[in-house]
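Please go over the structures that come below.
Look for chain A in each of the two complexes below; its partner is chain B in the first and chain C in the second.
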Partner chain A sequence: MDAVAVRRYLAAYRVCLRIAVRQATTYRASFLLSSVITLVGNLAFPLVTVLIYGSGAGFPGWTADEVLLIQSVFTLSAGLSGLVLGGVVFVTMDRVREGTLEIVLLKPVRPLPFIVLTTLQPESAGVALGGAVLLGWAASRSVHAVSVTGVLSFVGLFLAGLCVMAGMSLVMAATSFRWVGNSRLPEIADSTRTFGRYPLAIFPRAVQSVVTFVVPVGMVGFFPASALLGRSVPGMWPAAATCVAFLGFGVWLYHHQIRHYQGVGG
Partner chain B sequence: MTALPLVRQWEVMRAVSVVTYKEWAAYRTHSLVSVFVGPVYFVVQYFIWTAVYGGAGTLHGLELTQMIRYFGAATLIGYLTMDFADWNLSMLVRTGRYLTFALRPLHHRFFALSQKVGHRALGFLFEFLPCLLIFVLLFRVDMRPASAGWLLVTVALAFLMGFYVRYCLGLASFWLVDARGLQGVVAILSGLFSGTLIPLVFFPHWLQVLQFFLPFQYMLYVPAMVFTGSYSLGSTHLSIPQVVGCQAAAVVVMFLLSEVLYRAATRRFTDSGS
Partner chain C sequence: MGSAVEVENLSKTYVTYKRKGLFRREPTTVTAVDDVSLTIEAGEICGVLGPNGAGKSTTIKMLCGALIPTSGTVRVLGYEPFRERRRYVREIGAVFGQKSQLVWDIPPVDSFLMNKAIYGVPDVQYRETLDELVSLLDVADKIEVPTRVLSLGERMKCEFIMAMLHRPQVVFLDEPTIGLDTIAKAGIREFVRGMQQRGTTFLLTTHDLEDVERLAEHVVIIGGGTKVFDGSLQDLKRSLGETKIVELTLAHPASDADLEGLSVVGRRSDLELTIEVDMALMGPAELFATLSRSLEITDISIRELPMERVITEIYTSSRR
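And then the complex of A and B:
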């Protein structure tokens, strides 16, 4: 993709974002309610953490605030990825089931960026905002010495975590070309991502390796939070490279599966 | 509307549930998502609680093995009682297709319950049984209930409770233009207070006491605790027959509420024959 094409896509992104926000604010009450519901749904796991630590128990070697930091990073990542890629799975799934994907395929644009641009989900902004607030609160209570290296590492690993979230959405969307009309596909990604909400040390080594280097969901919450806390975790940066590769795999798989799409003219 | 004779009701339920089973069996591989998702969530819970317990003997009166059994039972019971009657009824009201049911000599709630029987029969075969085998054979979890008889009764009551709660939610569509917000709120409350994420004994005392007056614990927490063989909530210890009795009373209350709401809702229904 050349520089002109990138500029065109960025301009299209701005237009689509404006449209998405205006659509959402047309039904303000519905928008606010769905934003709050999505946010509260995402805060269920931190609540469980609070209840566990409130009972006097906890994860060995981790304070409640540190675990909440992991879960807040996860929530922020889920909000941001949902904002941009939240609609890709369901829109692809619906278009494949209805046989209307050719309406996209006939346009003089790349199908994946087009679907991404036209399915922005502004209500996920509530989750991102909630995650950011929780992150600030948990960080203020658990991060005692902020270093430039720590912050830069956090940003780098957080971006790698976003790659994982995006990659998983694309893998699920790509799967919908073969497993037609299965609205439960996102549950597979949701359940797998759960591993990223907790300190990896609680899992056996085999599981740690899988969620670090195979399906690197540990990068969504655990690794960035560890960097912010100044905890060095072996394999952190190689895992970040795996995350970028995972996103690349998601993009490749999506484009590869499009070839298997069959329709009869919308 | 006069009630159908019992034999006729049985025939109707069997016919509707068989048709629903066949309809959803066309998408039986969709149910198999649970064979991946259920064990994954269970594995995460297993490691979480193994780490949390550490050397601790009990937490809120629950031992680690009891906690593992609780989550195993909660997962499996969820497959038997899962419900989306609210979504179905909302769709019928929103599209006007409810009219076809209003014209039938059959209570719609009975029709919807029959649909759930068929749908969950499919869940039993393609979700419950495979996951039970995975838990027992692969994870080596002791999934033998403390009392099989009481477990059957409490799961049946949880099945009905889940249905009546969802059906009442669906009835809200007769008043609201879009009931999805309300359904979302109740789904979150249900997730928190049914005991899906964590046993209710971990909540603050006042919230535990409040659960006796809300329907959510009767949908999952009660049957899961009956499975483990002991029940405690809000510093109240009840024997299994006592807690199942409470659950039965709650189901009757919910049934009556659904009937009151149904009668009020059908008086509001208008349609132009679409």
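And then the complex of A and C:
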């Protein structure tokens, strides 16, 4: 991509961001309600953790604050990916089902960035903010010695986790080109992502391998939080590479499927 | 001027599935467009007609670069649409009567700004083009209100602005007047005609024959995925010979014997008849003489065959 194209994408990004905010605030009550519901839905998990540990139970080898740290990282990741990519799945599904993807293909830009730009979801900003606040709170209680290596590892693994979230969204969206109207797929993806909210050690070894190297959702919460806590987990960095590959696969699959778009009857 | 659009042996097939029981389904290959060739000169308005499912929209989508042809070649302004899509679509515009480019909840002007950014239209050019289009389409007071509160006609005018802000050389219109009232249709047609006079090439698919009669010099008819007619509007009307419709109002009801030898195609009442006459076989003088011999006529009008009829005849004869 040349400098002119980059400038055009950035200009389009600014306009689309403004449009997304205007759209979201057009129906203010719905926007606020949606933001609150999304935030509550995402913060319910940490509350369950508090209740579990409050009753005397827990995950072996992990304190309540450490588990909350994992879940806060997960929430922050979910908020950020929802903000940028939350609309891609449903908008792609709708456009394929209704046969309106032509509108996207008429623009002199890559279809995927265009759909991303035009489907920003400002209501997810609340989730990201809630996740960040919870992360600060949980880190202050569980991270006793902050090291530069730990923070850099956290940032790197957190970005890898974002790659997983983005990759999952793109794979789901790409699937809708062939499997039209697959509205239950996001629920399956949500359930799969849930594995990233807990210490991986509580799962059987086979599950641990799958969520580390196949569908690396462990990277969404568990691995970055472990790095921040100074806990070394075997396979952490190879798993990060898998995450980048997973995103690459999602992007490739999405573009590949666009070439097979057939529209609907006119 | 040279050709703006050149299509040779264009075909599009796709696979669909027929349900065979609860779990089994059988793949079926459907040919949406079959070996269509056509050429559109720069600055021309070409009307593409055909019944539902004829392959018009699929053809237009392939010409826009949105669908990949199964076989054949397409060149628009020297581009191969689906191979050079991003560079190519900067030179074209498209309006789909049943698909909107505008963002529903915000004013059209914000959608225009999005296109400005995406197409990289310079500020001065954007301002000039927007002012010009808004003035031509008379929507100055509409572009600042949310799209959802606009009437269909106002929205369609804004769709045209959206499609033409980057000054495309070729514009594809897929049923642009669908659902519009007479006044809105007239406004759109006037705009299209005006833009054509400034050099823009249009390809128009429509069910509204008036769109074609008022706009297109060049007509293509597609039926069952294949091209069944390609020529001028005059050629199209001439293709069924010199048949005319004659409307008669009579002073007294006519008996069967009075009407012998006439091709009666309609009878609104005992006193109002419609007949069809091949003027190549019977000139006006002979027609009047024949009619006067057996009928007492109080009013008469002669008109062309309706376009709808012409197209139906051509389409039906191509299917035989």
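We adopt the following convention: the second predicted complex is superposed on the first by the 263 of 266 C-alpha atoms of A that agree within 3 Å, B and C clash if a C-alpha of one lies under 4 Å from a C-alpha of the other, contacts with A are read in each partner's own complex, and residues count from 1 in each chain.
The criterion applied here is as follows: contacts are C-beta pairs under 8 Å (C-beta built on N, C-alpha and C of every residue); 3 or more make two chains touch, one makes a residue touch a chain.
In this text the structure is predicted, and so the values were computed from the model without any measurement.
**Student:** Mind checking the superposed model to see whether chain B and chain C fit together on chain A or clash?
**Tutor:** Verdict on chain A: chain B and chain C fit.
**Student:** On the A-aligned overlay, A:19 touches which partner chain: chain B = first, chain C = second, or both, or neither?
**Tutor:** In the superposition, A:19 contacts chain C only.
**Student:** Could you say whether A:110 touches chain B, chain C, both of them, or neither, answering first, second, both or neither?
**Tutor:** second
**Student:** A:58 contacts which: chain B (first), chain C (second), both, neither?
**Tutor:** A:58 contacts chain B only, not chain C.
**Student:** Looking at the overlay, does A:90 come into contact with chain B only (first), chain C only (second), both, or neither?
**Tutor:** After superposition on chain A, A:90 lies in contact with neither partner.
**Student:** Could you look at A:188 and tell me whether it touches chain B, chain C, both or neither (first, second, both, neither)?
**Tutor:** A:188 contacts chain B only, not chain C.
**Student:** Going by the contact rule set out at the top, does A:262 touch chain B (first), chain C (second), both, or neither?
**Tutor:** Second partner only.
**Student:** In the overlay, answer first, second, both or neither for which of chain B and chain C A:237 touches.
**Tutor:** A:237 contacts neither chain B nor chain C.
**Student:** Using only C-alpha atoms, work out how near chain B sits to chain C after the chain A superposition, in angstrom.
**Tutor:** 9
**Student:** Of all the chain A residues, which ones make contact with chain B and with chain C?
**Tutor:** Touching chain B in the first complex and chain C in the second, no residue of chain A appears in both lists.
**Student:** In the complex formed with chain A, which residues of chain B make contact?
**Tutor:** 27, 29-30, 33-34, 36-37, 40-41, 43-44, 47-48, 50-54, 56, 59-60, 178, 180-181, 184-185, 188, 191-192, 197-198, 202-204
**Student:** Going by the contact rule at the top, pick out the chain A residues touching chain B in the complex.
**Tutor:** My answer: residues 29-30, 33-34, 37, 40-41, 44-45, 47-48, 51-52, 54-60, 179, 181-185, 187-188, 190-192, 194-195, 198, 202-204, 207.
**Student:** Please name which positions on chain A make contact with chain C in the complex.
**Tutor:** Checking each residue of chain A against chain C gives 4, 7-8, 11-12, 14-16, 18-19, 22-23, 26-27, 99-103, 105-110, 114, 118, 259, 261-263, 265-266.
**Student:** Going by the contact rule at the top, pick out the chain C residues touching chain A in the complex.
**Tutor:** 14, 52-53, 56-58, 61, 64-68, 85-87, 89-90, 92, 94, 96, 99-101, 103, 105-106, 110-111, 113-120, 146, 174
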